[in-house]
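Next come two complexes, and both contain chain A; in the first it sits with chain B, in the second with chain C.
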Partner chain A sequence: MAQDYSHVKTILATDCGSTTTKAILIEKEGEEYRLKVRGEAPTTVEKPAEDVTRGVLNAVGEVEELSGRTLLKKVKVLHSGKGIKGGTDVYLSTSSAGGGLQMMVAGVVKSMTGESAQRAALGAGAIVMDVLASNDGRLGHEKIEAIRRLRPDMILLSGGIDGGTISHVVELAELIGAADPKPRFGSGYDLPVIYAGNKDARGNVKGSLEAKTDLYVVDNIRPVLERENLGPARHEIHNLFMEHVMAQAPGYSKLMEWTDEPIMPTPGAVGEIIQTIASTYGIEAIGVDIGGATTDVFSVFGGVFNRTVSANLGMSYSVSNVVAETGLPNIMRWVPFSVDERAIRDRVRNKMIRPTTIPQTLEDLIVEQAIAREALRLAFEQHKSLAVGLKGIQQQRTISDAFAQTATGGTLVNMMNLDMLVGSGGALSHAPRRAQAGLMLIDGFMPECVTFLAVDSIFMMPQLGVLSKVMPKAATQVFDRDCLVRLGSCVAPVGSGKEGSNCLHIEADFPGLGHISEDVKLGEMRLLPLPVGEKVRAKLDPARGFDLGAGKGDAREVTLEGGVVGVVLDCRGRPFQIPEDETKRVNAITGWLQNLDIYPKVF
Partner chain B sequence: MRKLVVICVVITGALLISGCQEIDTEVSAVTVMDAPNDSGGGVVVAWPAPAGVKVDSFAIERLDPETGKYTPLTTVKGDETFLEDTGLTPNADYSYRVVANLADGKTTAVGEGAGRPTGEWFNFNRLNVLVGVVSFVVLVLVFISMARGGKELFVRKIAGLEAVDEAIGRATEMGKPILFVSGLGDASDIATIAAMTILAKVARKTAEYETPLIVPCRDPIVMMVEKEMVREAYTEVGRPDAFEEDSVFYVTDSQFGYVAAVDGIMLRERPATNFYMGAFYAESLILAETGAQTGAIQIAGTDRVTQFPFFITACDYTLMGEELYAATAYLGRDPLMLGSLKGQDWAKAVILVILIVGAILIALTGLGEVDTTWFARLFETVS
Partner chain C sequence: MAHAYTPGLKVLGKTIIRKERILPLAGEVLVKKGDTVKAEDIVARTFLPGNVETVNVANSLGLPPEEVPKFMVKQEGDAVEEGEVIAEMKQFFGLYSSRAISPVKGSIETVSSITGQIIVREPPNPVVMDAYVDGKVVEVHGKEGVTVETTGTFIQGIFGIGGETQGEIAVVTDSSERVLADEDITEECAGKIIVGGSLVTAAALKKAIQLGVKGVIVGGFHDWDLKSFLGFDLGVAITGHENLGVTLVITEGFGDMAMAEATFNLLKAREGLQASINGATQIRAGVIRPEIIVPHTEKGKLAAGAGEEGSNLEIGTRVRAIREPFFGKLGEVTSLPVELQILESEAKVRVLGVKFDDGAEEVIPRANVEIIEAG
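Take a look at the complex of A and B:
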């Protein structure tokens, strides 16, 4: 039976990350929930402690000290109740310790049920290590070898619509059976396999896998090609994450007893809070978490939630891979001075082998933030390729479609409609100046029209995500007031033109600036200071050939919101082209950096 | 490439020389010259206008070699001074006599002359065509050489061809067969040939995906060719065992008998994907509508303009006209085909530009702004 959370006054939430365990305490003040204090301690999954609860107790202990509220009793989180002084009404937790949830998925056709299975796993907070499919071009023994080598925490098998192909699904099941896979944790247990494919093939799949794996059967994720049904598979993934993966990890069985709700995978929780915010405010939103090893991108467009994890894009362990994928010239294009290529490579390798180091000089910082821009850009490209409509569905045509026969499976990401872009992760949350985080987000995602930018102040989105499952209002309040650091609105006209020609005319009454009526040229970036919480109505008149959402060259009135950075006018055009000539490029970047007051020194 | 240019220059030079050959004519008052730029079937008979008299008409007579007498050929007006006589035997001698009919009713002989019609190697009237063809060939060769050199040639996305994988994937997920109809044309029809090349690509995919393929044929020769192509496709992807002999079969050559049979297959087998490629006539809508009712994804392609509306509205994707011919290059990415496709596209672009410029010039001529006859002459017969 669902618990009643209507009288909750105190909420304790922890996020057990790979390196640190973060605890937050939320309390009700009047009618509002607000963050009180935050504590942090090293995660203790690894030796010598090998018990995740030690780290939790340490982090909660810090919260206890800072808040003055008793939250621990002996070696346990204290729940409030009659006759108990202090304690918490609710205790929730997320976890990504030990590499989080690592899954393999399988489907008949890679771009159909394979992609649906991938979306189901990613949405549940997993890292998808590999996608097996009948048409992936690999031979049977190669697939078996991949399953044995990767050792996932669980496998999601899908394929075929209900009443569809049986032979292909059974073939995949036989391959998994032949691989005789073993889980990462708990050598004495069978690997959990979730079957979410053609219901007519259930008997055959059971025959192939029941004896060798811990098989769970749920509803088909693609009962018909025209519809996805990811809920049951995601729910089962969460259950199995708790029962198998978490239960086998050191100390988690104890932690599971303490929490009032099931422990969620960290990325799944972040996805929850992004979805909650998007639905609460009725907006289209993108969230990004750039970590050391991986970069997660979350998006909600048209009510459809998508999450992707770029497992090889990060700012420490995976930093070399970012350079390898994008190439040095792409990184160097963001740097406003010339640097020896070898020096850059040395910096990158040093960062990889010493992941906890931070830039010591301004040049180091600029190079690192250039890499972050490329990591964000690549992760977003990957996201756009997976956040797509369903493929292989029948279309209704009229004669007007003669010359515009759109294909199915187009990306759902429409930057023209994006309302909010939220960044998280060390590179963004801990940038020395907030404007640096703002510019990294703009350069990495290239927002269009009018987009509000924000960063997560102390990375509490996971805790708020798990809270949003049970108390969405409380989660939204804390997210809005304590989690978000508002950077400000970004105005970016879409279009291209001749360098130096007019791009945008803006008219508005800015507090402190008075009435402004300015022209911005193509290739320029400008900053208009507007404090946090302030809003202004502005008339934006794009030049001919440029679009701000009302059509090419058509003016519109919008509300611009302030932040710690202010309102950024990005008139570099979309698609963005950086000048190829070295002198012009350096001049352009220097101009942008100066106008936005990004770094203290002028190059 | 350099060799080709040298050969072209030599041939063009030879042709120019042959075109300038002097004709064997007798010098007299009447001149008989070989008509230029023909295959040797005509001469031009020319005469001077008699001085001091008013001529009503000229009677031209030709010598009949059998009788040795002049027989009337034709009569022209008095202000004309030449005539082109055609339909002659090349390299035979012909003699002409011109008699002037005066206004006062009298006649006077203008003179006689003889000549021999000969054929020319090169028709200068068609010089503009040669320039066009050479430019086109050069364009194609340049693009083929670029494609072979590894340059990525941009070909715009054709949704219908992009969707082939998706359509086959759909059939695989649904566990249903794929139906391929290659039209009602015979093996000599260019649309049928294009359809066959697409079938080969589709068959390769169905072999990879292990999805059944059904190919009903209207023409026995087409059936034989398609059967071999499908067999080869299955062999190429290493699945000769998966090829079913009966998957490509003959139905009937009766138009509506064939359509009835294909509709029956659609309703019984419920294929998940239908391809209609080739030449189609009145049956296009019957096929496409039945397929749409069964819930199949349908990809059509035809060069029959009258069938476009039916396919566009009833199918998911339609390849229109030349998109069908471009399919082979698009799917195969063979440098030879890709280069040809690009060359043709550029040639079409040039023609389009000429048409637009011509239309503008004609409009300006109508307004009396400019003289545009020079432009029109570029595309007329050169005289």
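Take a look at the complex of A and C:
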């Protein structure tokens, strides 16, 4: 039975990350929930402590000291109650310690049920290590070798619509059975396998897998070609994450007893809060969390939620992989000075082998933020390729569609419609100037038309995500008041034209600036200061060939919102192109950095 | 931020080192508690299930899958040889026949009447675990392996390539600052673990492999050379499985970096002794650093255990800067201000005052130093 949370005044929530455990305390002030304090301590999943609750107790201890409220009793989180002084009404937690939830998924056709299975696992907060499919080009023994080598926490097997192919999905089950897979943690239990494929194949799949694995059967994730049904599989993934993966990690059985709701995988919780925000405000939103090892991207477009994780794109452990994937020239194109390539390569490697170091010099910071731009860009490219409509379905075409020849499975990400872009993770949340975070988001995602930019102040989206499952209003209030740092609106006309030609004319009354009526040329970036909470109506008139949502060259009136950075006019054109000539490139970047007051020094 | 510093890498002259030698699957332990073992002795062994091959008999014989069992010559559990017939269908009163043959030697694991697929499993692969270091068996972990304990020098590197190997220590450069060049490597180095100074060049590493050098220990290595050495641009720092003919351990970082004097002198003092080294590195949750172990019985004080927690930062603590603009410089902590300070990059962080060995005094982020844990 669901618990009643209507009388809750105090909420304690923790997020046990790979390196740090973060605790927040939320209290009700009048009718509103507000963040009171936060604390953090190193995560203690590994030796010598090997008990996650030690880190939790340390982080909560810091919260206790800062708030003056008793939250611990002996070595346990204290719940409030009759005759108890202090304590918390609710305690919730998320976790990505020990590498998070690592899964393999399988489907008959890679781009159809394989992709649906991938979306189901990613949406539940997993890292997808491999996608097996009947048509993935690998021979049977190669697939078996992959299953054995990767040792996932669990496998999601799908394939076939209900009433469709049986033999292909059973063949995959036979291969999984032949691999005799062993879970990553613990040797005393069988690997959980979730079957979410053709219901007519259930009996045969059971025959192949029941004796060798811990098999769970749920509804088909693709009952018909035209529809995905990811909920039951995601729900089962969450259950098994708790029962198997978490229960095997050191100290979790104790932590699970303390929490009032099941522990959620951290990325799954961030997905929850993004969905809650998108539905509460009726907006299209993208969230990104750039970490040391991975970068997660979340999006809600047209009510459809998608999450991807780029497992090897990050700013410390994975920093060398960003360089390897994008290439050094792509990173150096964002840097307004020239650096010896060999020296940069050594410098990046040194960051990888000593991941906790921070940039001391400005030059070092600029290079690191250039890498962050590329990590964001690559992670977003991956997201766009997976956040797509269903492939292989029948489409009704009109005569004009027939000329356009659009294929099924196009990306759902439409930057013209994006309302809000929220960034979090060290590189964005801890950038010395907020404008740096703003420009990294713009350069990484290239928003179009009018988009509001924000960052998560102290990375508390995971805790708010798990809270949103049980108290969505409280989660939204804290997200709005304490979590979001509003940077401001970004205006970016879509189109291209001649270098130096007009791109945009803006007319508006800005508090402090008075009436402005300005032309902005193609290739320019400008900043109009507008404080947090202020809004202005502006007439935006794009030049011929440029579109701001009303059609090429058509003017429109929009509301621009202020923030700690202000309103950014990005007239560099879309698709964005950086000048190839070295002098022109350096001049262009220097201009953008100066106009937006990004760094304290000009190079 | 109570832990705003990087724990240092261990450089210990004499300490107790315990190494777990665990099989990937339970098997048989060949030694008992108290036994003295040499590095190359086998302490445990097991058999990993063999690889599998699939044969689609339905396709080979042109049959519907449900009829496959009727035409099987070999049944589940039967042993088969490579090329042996496993299913056969005779036609025209036996005049013609279609056959499916086994692609490998092994046994029939499953026959499926749903897919028409046969799975043949190869014989199990034997896996053995050696002791890795000269020492004594101090614990037996059921059927999974043992813990071997030894007393000796223990040095952690920062990054490595290649797995476990053993050999005699030979120092081939005259100082910790000299580059290890190809002319330093002679035929006498074959089978040994050679110690250089600040950097190993790609040419020197190539020559080391040609001459059969077991391991190379130096201060630094250029990333550019790493790429050409591996043949690809290493993305994620998980190493140890490379099979390039030599194990490389770098002690300081990427670039031309003098090996720390304490490390160089310690290795020089152990010249001629047998060492066990491992280049395996994992820079992720569950960090693994490369290691150099030189068992010895020399007299001397025992340093804190190799697996124990490091010490905290205090005034006078020896540290090494691990980020630009002072990368690699050594010095002593002179102050530990509580207040956050603003750096040139405008980051507001905890800092410390340091007096470098060349006399320069600087203020740098606590996160950008590591403690030199020598003992």
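Here is the rule we go by: the second predicted complex is superposed on the first by the 601 of 603 C-alpha atoms of A that agree within 3 Å, B and C clash if a C-alpha of one lies under 4 Å from a C-alpha of the other, contacts with A are read in each partner's own complex, and residues count from 1 in each chain.
The rule is simple: a residue touches a chain if its C-beta (ideal position, glycine included) is under 8 Å from a C-beta of that chain, and two chains touch if they have at least 3 such contacts.
Source: prediction; values computed, not measured.
In the superposition on chain A, A:166 makes contact with both chain B and chain C.
In the overlay built on the shared chain, the residue A:312 is in contact with chain C alone; chain B does not reach it.
In the superposition on chain A, A:476 makes contact with neither chain B nor chain C. Of the two partner chains, chain C is the only one touched by A:348; chain B is not. In the superposed pair of complexes, A:432 makes contact with chain C only, with no contact to chain B.
Judged by the touch definition given at the top, the superposed model places A:18 against chain C, while chain B stays out of reach.
Set against each other, chain B and chain C touch different numbers of residues in chain A, with C touching more. In the overlay built on the shared chain, the residue A:174 is in contact with chain C alone; chain B does not reach it. Judged by the touch definition given at the top, the superposed model places A:113 against chain B, while chain C stays out of reach. According to the touch criterion, the shared surface of chain A, contacted by chain B in one complex and chain C in the other, consists of residues 166-168. If you check the complex, the residues on chain A that touch chain C are 18-19, 41-42, 45-48, 97-99, 139-141, 144-145, 166-168, 170-171, 174-175, 177-180, 187, 204, 208, 293, 312, 317-318, 320-321, 323-325, 342-343, 345-365, 430, 432-433, 600.
Contact residues on chain B toward chain A in their complex (touch as defined above): 159-160, 162-163, 165-167, 169-170, 172-176, 208-210, 292, 295-297, 308-309, 312-318, 320. Chain C meets chain A in the complex at residues 2-3, 6, 26, 49, 51-54, 65, 109-110, 112, 114-117, 119, 121, 158-159, 222-224, 226, 233-237, 253-255, 281, 283-286, 307-309, 322-325, 327, 343-349, 364-365, 367-368, 370.
The touching residues of chain A, when paired with chain B in their complex, are 108-109, 111-113, 134-135, 159-161, 163-168, 198, 222, 225, 391-395, 397-399, 401-402, 405-409.
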